[in-house]
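Alright, structures below, take your time with them.
In the two complexes below, subunit A is the common chain; its partner is subunit B in one and subunit C in the other.
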Partner chain A sequence: MVKIKRENLAELYKLISAEKSLFVPAKKAGQTNYALYGADTEVDLDTLKTVKSAKELFFPQSETLYNVKTVDNKYTVTQAELQNEEFVVFGIRGCDLKGIEVLDKVFLSDPVDSFYKARRENGITVALSCNEPEESCFCTVFGVDPADAKGDITATLCGEYLYMKANTEKGEKLLSDCASLTEAADESEVADEKAKIAEILKKLPYANLSLEGWDGTVTEEKFNSPVWEELYKPCLACGTCTFVCPTCQCYDIKDYKTANGIQKYRCWDSCMYSDFTMMAHGNNRTSQLQRFRQRFMHKLVYFPANNDGMYSCVGCGRCVDKCPASANIIKVIKAFSKEVD
Partner chain B sequence: MQEIISRLEQLFAEGKINRVLGWKKGDLAYNPEVSYFESAEALKDFVYDGFCGANLSKYMIQGSALEGVTAILLKPCDTYSFNQLIKEHRVDREKVYIIGIGCKGKLNIETIKAMGIKGITGIKGAEIDCACDELTVETLYGDKKVAYKDAMLERCHVCKGKEHMIYDELLLESADTLDGDRFAGVDAIEALSPEEKFEFFRKELSKCIRCNACRNVCPACSCRKCVFDSNKFDSEQKANVDPFNESMFHIIRAFHVAGRCTDCGECSRVCPQGIPLHLFNRKFIKDINEYYGDFIAGENAEEKGPLTNFTLDDMEASERR
Partner chain C sequence: MCDCNCHQNYNLDTLVPMVGIVTDIRQETPDVKTFRVNAPEGGKLFEHKPGQCAMVSVPGVGEAMFSITSSPTNKEYQEFSIKKCGVLTDYLHDLQVGDEIMVRGPYGNNFPVDTELKGKNLLFVAGGIGLAPLRSVINYVLDNRDDYGTVDIVYGSRSADDLVQLKEIQEVWMKAKDTNVYLTIDRPQEGWDGHVGFVPSYLSELELSTDKTVLVCGPPIMIKFVLGALTEMGFSKEQAYTTLELRMKCGVGKCGRCNIGSKYVCKDGPVFRCDEVDELPNEY
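So, the complex of A and B:
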């Protein structure tokens, strides 16, 4: 384990970014989101949750897949370049890291998504412990330890220092590249901070949320429940929950017409939108109740059914913070446990 | 709050209403949700406090399709939106019983969190019956005191007033919350150079994630199918690549609601990226006031708006008053 003084972090960012693309939580116009580090980036490690999750660094909201160009009535198709250089994601939290595990299940299983795979292979994650978990956090319910998130490097802010420990070869390499700025440290130095975080986690309002009754076997029972009828009503049918979610992985593929061809691109889609999974025959979900139900059934029933019981929620609580109608996955889970009582 | 519940129970008992459109207690101190209460018994979960900022007017578009009469709770500013929806034939006046409720300013949890307050486990002082001018925010990291005014939504600082523009009956008193200049934000932008304006809007709008929360919450955005949801033309409505697209979306939307926007402020309240979207609408409102005389959309449900009415006194497009 090594440590670096907080006041020297700017030096660390400079050093890393001289060699690799470095993505950091950055404050812009009052909000913190991941951004490429540059000379005038305002790095913000104090905000617990970026508005959009770190998902976008591996699975961008929009990306070009290939270009088609017409010259003299002949088409040329060029695939968009895959990520081929290492990049660093600094400050990713435990929940977002778990979100990537969920995405891996989707994009790295057959047929493998080459765009995603290239980013995963080239991405180096420096995971930051959550010193002050917030009331909307419930990652522990999904087995995340926010005090010890296993990225390629685990980083912990404690006192005047940022402590870093490598968990993988990639992590060790990055730490050795930065050795000129760090000094040796002992794990015992962060033990108190970790114990303090563990105590706070127990006091979080959702710490004891029970997922009993949610697994891949309850499709019929949950799907047909009358509870959805009431739950969906406040929903505005916007895409906020899906776009801030670290695990929502649905996308749309579209054409952008250029002067002499098209750009085939994909962009995040939202099951809350009326054109979601629109096909030639029409749409298979025609009401907001159906769309709302789809989102939570996917996270808590369909996904575990297809992925050895893994839920596609990681408890980051962004939907709790951001849903403009205050409808969220916690309320869904709680509403069903009331029904059982 | 008990006063509201008692009155609603009475209306149920008298058979005057079939349901109530109001707010249901959340599971955190600040997250009540919009809810239909189908019986007097269901009102046990009813809440009306400082965090009930949601404007219920637009929910009555769906509510108008339900059987019987829905009692709707409207704050003074919400009634402007409701009038506008009546004018546009989007809600059915016959199917709604409007209870105009008092308001002492609504709170913005994002404003409280932006003060660095985190781990919120309780908030005291947001109750509608509480005359206090200070909130006690209980957190995992100790109690914090916040002046009620400092935690209010922007729109409450420029409150349109305590009068309800439409109602069947009134309940509870309102408080004066106006302490700001409604057009100060617009004036400040108008004073910028073109380059600075461009920079300001690019910076703000580049945060947009195309979630459509602003559009979907907007009572003036009541088209059955938005042009941006059309699959008949390419609008890249979900692609978030170029601030130009995001800017176009917001500018087109602002044009579309010009003259109909009541400045209810819901767009800015719901934006997950904190974009001050109300500034676009206020610019239009300011210009309309200048060009056609003072006008407030939703003051009544009958009068034609300045952009849908022609008079011989109208200014020429090229002149500026």
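So, the complex of A and C:
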């Protein structure tokens, strides 16, 4: 384990960004989101949750898949370049890291998505412990330890220092590249901070949320429950929950007309939208109830059924914070399961 | 695990299509055309199995999943029978022989022609453009005639003008060994002396023996009533296969559109045994 004084972090950012693209939580116009580090970047390690999750660094909101050049109605197809340089994601939280594990199940399963895979192979994550988990946090329910998130490096802010420990070869390499700025530290120096975080976690309002009754085997009973009638009603179908979610992976593939052809790009989409499943011959989900139910059944029943029980929710609480109608996954889970309080 | 072999065709990502040339266009009905597609250097773009689909696209217009209606036993080309019913299909219907399109695939599973269907008596039930995926199987079976038992084909459409592949039905299927073809149209029509009535009721009237494995495709409402008729006739759900269609963007079980229950129609389907369909949430 090594440590670096907080006041020297700017030096660390400069050192890393001289060699690699460095993405950091950056404050801009009052909001904190991941951004490429530059001279004017206001790095914000204090805001717990970026508005959008870190998923966009591996599965961007919009990315080109290929270009089609059209000459005399003849097509030439060129695949977009894959990520081929290492980059660093600094300050990713445990929930977002778990979100990437979920996305791995989707994009790295056969047939592998080469665009995503290239980013995963080249991405180095520096996970930042959550010093003060917030009321909307419930990551522990999904097995996340926000005080010890296993990125390539685990980083913890404590007192005047940022402590860093490598968990992988990639992490060790990055730490050794930064050795000129760090000094040796002992694990015991962060023990009190970790204990303090553990105490906060115990007291969070959703800490004891029970997933009892939610698994991949309950499809019919849950699907047909009248409870959805009440749950879906506030939903405005705005799709905010899907866009801030670290695990939502639904996407669209669209055309952008260029001067001499077409750029085919993929962008995030939302199962909450009415045209998501629309075909020329009809729509198999015509009501918002069906679409609302699909989103949560997918996260809590269908996804675990296909992925050895892994839920497609990581408890980051962004949907809890951001839903303008306060319809969220907590309410869905609670409506069906008995709370163990 | 995905059954498709889409990613074995490319060095590129499976989402990136190949260029195909339209080498023949047949007007089947007022709103259905069959497009023959070849690789630019000749031959087929890829190999497929009966029941598999491919993504067909026109840059700047759209991309959609279509079943490959030609049989894998056809070594020269692939065919898609496409109904004009939306933005992309309108555009496709305006194409001329020699025009380029883009194709990626094949995607999805297939009718189990080499396993469960082998040696069985087969009953094909199709409605309208629903014949397209079954035609691939029918021609595969007829080209490997000795591997299968009797073949019965019940096919219906709105009118006599809406029967697709009529020439092949009359000239090939009706003349094939141990093969019976039963055609029907929804309403009486001048010049039509065949059966009139919906497919499910015709099926019941035919009183076919239940020693058959059934393959059904058509509009969802037809499939539902056909399955009802089959049950009344004494068939079990395990004896019947169908092929589903939902909105798709990726074709490889990732974009989320065709997710129903824990299945993705593009990857785990489109072919399902009917007892498997029963286990899905009623959202197809």
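Operating definition for what follows: the second predicted complex is superposed on the first by the 334 of 341 C-alpha atoms of A that agree within 3 Å, B and C clash if a C-alpha of one lies under 4 Å from a C-alpha of the other, contacts with A are read in each partner's own complex, and residues count from 1 in each chain.
Everything below uses one rule, namely that a contact is a pair of C-beta atoms (placed from the backbone, for glycine too) under 8 Å apart; a residue touches a chain by one contact, two chains touch by 3 or more.
Since the model is a prediction, treat every value here as computed from it, not as a measurement.
Participant: Overlay done on subunit A, so just call it for subunit B and subunit C: clash or fit.
Facilitator: fit
Participant: Quick check for you: in the superposed arrangement, does A:10 touch first (subunit B), second (subunit C), both or neither?
Facilitator: neither
Participant: Between subunit B (first) and subunit C (second), which, if any, makes contact with A:33: first, second, both or neither?
Facilitator: Once the two structures are laid over each other on A, A:33 reaches subunit B alone.
Participant: Report for A:285: first if it touches subunit B alone, second if subunit C alone, otherwise both or neither.
Facilitator: second
Participant: So in the superposed three-chain picture, is A:269 touching just subunit B, just subunit C, both, or none of them (first/second/both/neither)?
Facilitator: Both partners, subunit B and subunit C.
Participant: Touch test for A:77: subunit B only (first), subunit C only (second), both, or neither?
Facilitator: Second partner only, subunit C.
Participant: What is the contact status of A:236 with respect to subunit B (first) and subunit C (second): first, second, both, or neither?
Facilitator: In the superposition, A:236 contacts subunit B only.
Participant: Just checking: does A:106 make contact with subunit B only, subunit C only, both, or neither of them? Give me first, second, both or neither.
Facilitator: It touches subunit C, and subunit B stays clear.
Participant: Regarding the shared-chain residue A:195, is it in contact with subunit B (first), subunit C (second), both, or neither?
Facilitator: neither
Participant: A:52 contacts which: subunit B (first), subunit C (second), both, neither?
Facilitator: first
Participant: Of all C-alpha distances between subunit B and subunit C after superposition, which is the least, in Å?
Facilitator: Once the two complexes are overlaid, subunit B and subunit C approach no closer than 7 Å between C-alpha atoms.
Participant: Identify the residues of subunit A that lie in both the subunit B contact region and the subunit C contact region.
Facilitator: 252, 255, 257, 269, 278
Participant: For subunit A, which residues are in contact with subunit B within the complex?
Facilitator: 28-31, 33, 48, 51-52, 61-62, 132-136, 200, 203-205, 230, 233-234, 236-240, 242-244, 252, 254-257, 265, 267-270, 273-275, 278, 320, 322, 324-327, 330-331, 334
Participant: State the interface residues of subunit B toward subunit A in the complex, per the touch definition above.
Facilitator: Per the touch definition, subunit B meets subunit A at residues 26-28, 31-36, 54, 114, 118-121, 139-141, 203-204, 206-207, 209-213, 215-217, 225, 229, 231, 234, 236, 238-241, 269-270, 272-275.
Participant: Please give the residue numbers of subunit C that touch subunit A in the complex, ascending.
Facilitator: Within the complex, subunit C touches subunit A at residues 1-2, 4, 6-7, 12-19, 59-63, 85-86, 89, 99-100, 102, 219, 245-247, 249-250, 252-257, 259-262, 279, 281, 283-284.
Participant: Give the list of subunit A residues in touch with subunit C in this complex.
Facilitator: 65-66, 68, 70, 73-77, 79, 106-107, 109-115, 216, 219-220, 223, 249-253, 255, 257, 261-262, 264, 266, 269, 271, 276-281, 284-285, 290, 294, 297-298, 301-302, 305-306
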